Amino acid sequence: MSDTTPRTLAFHNDYHAGAHPAVLNALVRTNGIPQDGYGDDEYSASAREKIRAAIGQPQADVSFLVGGTQTNQLVIDTMLNAWEGVISADTGHVSVHEAGAIEFSQHKVLTIASHDGLMNPDDIRAFVEAFYADPNHEHMVFPGMVYLSYPSEFGTLYSKGDLEAIRSICDEYHMRLFVDGARLGYALGSSAPHLSLPELAKLADAFYIGGTKLGALCGEAVVFPNPAGSGLCAQAPQHLTTQIKQHGALLAQGRLLGVQFDALFTDGLYEEIGQKADALAEQLTDVLLRHGYERYLASSTNQQFFVMNEQQYERLTRAAQVALWEPPRDGQYIVRLVTSWDTTREMIDELDARLNA
Amino acid sequence: MSDTTPRTLAFHNDYHAGAHPAVLNALVRTNGIPQDGYGDDEYSASAREKIRAAIGQPQADVSFLVGGTQTNQLVIDTMLNAWEGVISADTGHVSVHEAGAIEFSQHKVLTIASHDGLMNPDDIRAFVEAFYADPNHEHMVFPGMVYLSYPSEFGTLYSKGDLEAIRSICDEYHMRLFVDGARLGYALGSSAPHLSLPELAKLADAFYIGGTKLGALCGEAVVFPNPAGSGLCAQAPQHLTTQIKQHGALLAQGRLLGVQFDALFTDGLYEEIGQKADALAEQLTDVLLRHGYERYLASSTNQQFFVMNEQQYERLTRAAQVALWEPPRDGQYIVRLVTSWDTTREMIDELDARLNA
Amino acid sequence: MSDTTPRTLAFHNDYHAGAHPAVLNALVRTNGIPQDGYGDDEYSASAREKIRAAIGQPQADVSFLVGGTQTNQLVIDTMLNAWEGVISADTGHVSVHEAGAIEFSQHKVLTIASHDGLMNPDDIRAFVEAFYADPNHEHMVFPGMVYLSYPSEFGTLYSKGDLEAIRSICDEYHMRLFVDGARLGYALGSSAPHLSLPELAKLADAFYIGGTKLGALCGEAVVFPNPAGSGLCAQAPQHLTTQIKQHGALLAQGRLLGVQFDALFTDGLYEEIGQKADALAEQLTDVLLRHGYERYLASSTNQQFFVMNEQQYERLTRAAQVALWEPPRDGQYIVRLVTSWDTTREMIDELDARLNA
Amino acid sequence: MSDTTPRTLAFHNDYHAGAHPAVLNALVRTNGIPQDGYGDDEYSASAREKIRAAIGQPQADVSFLVGGTQTNQLVIDTMLNAWEGVISADTGHVSVHEAGAIEFSQHKVLTIASHDGLMNPDDIRAFVEAFYADPNHEHMVFPGMVYLSYPSEFGTLYSKGDLEAIRSICDEYHMRLFVDGARLGYALGSSAPHLSLPELAKLADAFYIGGTKLGALCGEAVVFPNPAGSGLCAQAPQHLTTQIKQHGALLAQGRLLGVQFDALFTDGLYEEIGQKADALAEQLTDVLLRHGYERYLASSTNQQFFVMNEQQYERLTRAAQVALWEPPRDGQYIVRLVTSWDTTREMIDELDARLNA
């Protein structure tokens, strides 16, 4: 169904090619069957059950939203109190690339220095301790949540130890832990050590399973694994449908999201997409290294970053579509290449061939 | 492709059946072809051009959003100044059924008494005149926009004369005129007098062409017909992409919306869907009238309202899925029946047969 | 200290004359004595204690804010959940005369028809019952609070029975009851039946004791009588100082408010101001009735409303400063006259004389 | 009138002692004279005229607000577009100590590294250039304003050259320049080079003249020197009274602010307060240096910062009230001492004596 003639080698992002064939087929197969709106359709119900099973939390509260910024905005806004802000790496998506959507919903992003996209738990602890030690902290924004992306915006993964350390800081200081899983499938598919879905569901107060970047036309599954809450922090937001509507985020044909996630969570498709793309990303990196490109940092997921000079950059952009990550500085170009469900071994071989030319 | 065995006769809404086959086929046909994200794909560009042609405004600013509440919230919020509210019929969707999404974006809805879903222009004028005559009006919310839905929430249509009168009040008092076209295609398809798209584009400062309720999986096309503005009022919001992102409403795979609107505006499909459903709605109403049901009000579009007693209500709900419009009062039930792209003559005959049984 | 030569007879409002002499003297007496800022001064502490004693709630949470709109905005915003709106009479200050400050903090005002400024408890019950009976209520704004002003914007007072009925509806539907006491002292001073402060403190989840309109330069004392909450509804907002700061409402020299309320709650001054002004309002009304003016409605507090023709209106405005309440309609003028701490018997006699002239 | 027996030596802030005697006398003298509300009183009118004269801008738009956070929130919110944030030093008051009031009004604070409280113009330019060079800048927050405090939170003053450089960056990138003058009088009174009021009025699109920290009980005068605007940037916000009300910031007895600023701008009192306190601050610093304390940084205004060990800190806090600026780190204490209208030479001598003891 997809056009794989490698005229355009699209490595610039993982949301350029529509839906994975199995997802598209599910939309075709179910089309025309009348369903209730606003998420009360049978496909959404089925997808919810499959996700609950996959994460090992039969009571989990699962909702479907359309996109990543929307999801971050909604989860942060509905979980935080008015006087609270959210801790994030300074490279975090909510801090940099969401047009101020978090501040637009009235919450400050409290930034921690990033190391290859990751926060150091000690830095989080130091930040929170300094806050409570400050004699003026009642005149400041309370840290109410830690936001982290898994994988990070640089494709990197927190170690299990670091995640547990962050969880424990959250417990100590009554902060919620929210994991942005826009590319979660690529963490699950990584050949490096990573959390399983059930482990993630035990760690986070809220997380989402990204669809848009893993083979869906659109869609993110928001999970509150323990909605009744073991404490204040872990509780799911009340009247979530109403709050989603209020944010302008409730889809009339909720089936569009339900059908897609139902397909993604059938026969292990979600993890399969991640695994395949991660493996291809390794091969893609091998090709680039062989052609003299240097890694900007080490990632074990589908996003790979390279640093290069202008000449190398021009050679690469003649061969394929890639993403310039930030304005070039001092002749240095930081470039991102990404694999996704539609990447094939043939595309990588073709890139190899073109770089040889 | 669709399951038309009329086991369930779904007349409860017009967004229960997925996408019109031509829309779905377009998604299938274009799937896998790499495209840029965030609305910069070639299908969105094509859809924009087709809409500009259909409305006769080659300079129009056209953007695609996912749903109706989102669109109302975004247009109202980005067009109004902080000190302004929006005038709406008290039955208007923004006033009643959007979970306070307009207030959530900080603007008051200033309500005018509705007559079968429509405002009387004289009432709007009286409201605005009283506002400016009030010695305390600087302590009140300024009326900055008139919001009206076309067709209304009751399927009714403003007369051309009333629309022109409202436009002229807006001009006089520097208010924008925003037309909610969630079901615009059913106005265009009505056998009663109605505005054409080019007429609408000359009337309104902003309007949207609803897709969700006219054969798309999701999607609304927001149009600022005259973005440079003949005056302050008509100007399109600046940096709209950024503002859409900030509202959490920017789709990564913007192609999903572009492809669907491109299909809807190919070969007159959009108006055809409306026309067919409106004609079936007339036939549906004939059946109900023949079975002793009474119209609640007269509508020439795809939404038909009936008033009935409990016994009639139970008979009807045994035969088909319909929508109870408000809590029953004094034994009276107000019920909505709706046709859409997936309604067929066979379904109406089957309803007739079941009501006979 | 005050200039009582009745050249200008100011009956147009109750906030035109600075501070009651005892309040001003307290400011003079305490000036220059160093105090901590932001409400941590000894005068605020003393005022809090006196208010707790006066209302009979030793655990009450008492904060001082600058003005009425600010107080309404802050209390409503900090007590309501995001998905909730506030029920108010359609003549309520929050509904009409606060420039949309409640919507500006994202909450809808849900209006109930007013009768002389008061809501009928049955209307409130009917509104809430209809909301929960509505099959679409998850797409609507939840009623989360009842706001009422005591006295009302028309100087009228709810009966004790009505207040108890409203309280009981609030309990039944988990709504908070918030009493706007911008002119509370004039209720306490009324010769008609009225709640005492301890009765009010048992009735309301939150209320405020107005200073601005009762002899202070500025200031309102916000009271959460039962901060720990007998249930969710009655709880005081958490981290209130931080939330006040966030609303831009925290005064650096909190002493300004503390000193004034300390004076107002010394030797019964607060109730004395109300009582004296209410008595003078009765005399003022007698004078107007004697001169052929007709009451618009019956009020037992310091605000008196009259309805008159143009000629009567002009005669009155030549004699004194009064407030035109709304734009004249059909030759009818609705006019408010108000007494306050600086009103004297001599001023009323002078008005009498001028109307005779 | 003020209690100058130096039992407590209050050097911890400049808002602990009520009003300057001349300000208090003005309140006493005008009390009881009826005035219109909401800023329409004759004292506010007079104060406005005096300020316009002092800044040399007869057309300036001058409003009075109650406090600093309120003023920062209101000016930033009413001048910025929705998609814009405000550039500030990372030590700026709006960034750190306003409980997130700027984000609460939906705008991001874009921080620049501070050097002794000041931004380097080159850093501002680099930030803005990087923003516009970023290929993703439409997904980011636009820099729409530069906020700077004069004097800074560390008592330091920008050089005239730096201010002109910042102004020119603002012109180039269509940003407004907003100067927080919470302590402006201490800049005007500094023995170091500083802007005059007319120079400031030519530099900034908006600024405020702080009263709370310069002898008023409360109050800040917000100035839009050129309300018609030489360009889009310089325009004053429209319907400012309504917007102030909407923010909960409109005082019913506006006279309270008018009377105080009228007094502060009579006979040069405002600059006199600043000058006297700055001179005493120099003497205070001499005393501390003589006692072996080390300056944390060099300030020529009324705030003086010292760095010390624990022993020195305890000796100092036994002698006087001072402010610990941040949680002590590695045994180092950063401490602020402040002079104000109520500081006397005797208090400094007494501190000297106590440190000798």
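Note that the chains are named A, B, C and D in the order they appear, and that numbering of residues resets to 1 at the start of each chain.
Assume a contact is a pair of C-beta atoms (placed from the backbone, for glycine too) under 8 Å apart; a residue touches a chain by one contact, two chains touch by 3 or more.
Since the model is a prediction, treat every value here as computed from it, not as a measurement.
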{"item": "Per Cα centroids, the chain farthest from chain A", "value": "C"}
{"item": "Which of B-C and A-C has more C-beta contact pairs", "value": "B-C"}
{"item": "Separation of chain C from chain D, taking each centre as the mean of its C-alpha atoms, in whole Å", "value": "33"}
{"item": "Distance between the centres, which are taken as Cα means, of chain C and chain A, whole angstrom", "value": "50"}
{"item": "Distance between chain centroids, defined by C-alpha means - chain B, chain C (Å)", "value": "42"}
{"item": "Residues of chain C engaged with two or more neighbouring chains", "value": "82-83, 98-100, 104, 138-140, 242-243, 245-246"}
{"item": "Chain A - residues contacting chain D, complex", "value": "82-83, 85, 96-100, 103-109, 130, 133-136, 138-141, 324, 326-327"}
{"item": "List of chain D residues in touch with chain B within their complex", "value": "77-78, 81-83, 138-140, 142, 238-239, 241-243, 245-246"}
{"item": "In the complex with chain A, residue positions of chain B that touch it", "value": "1-4, 8, 10, 13, 15-19, 21, 24, 27-28, 30-37, 66-74, 98-101, 104, 212-213, 217-218, 242-243, 245-253, 255-256, 321, 342"}
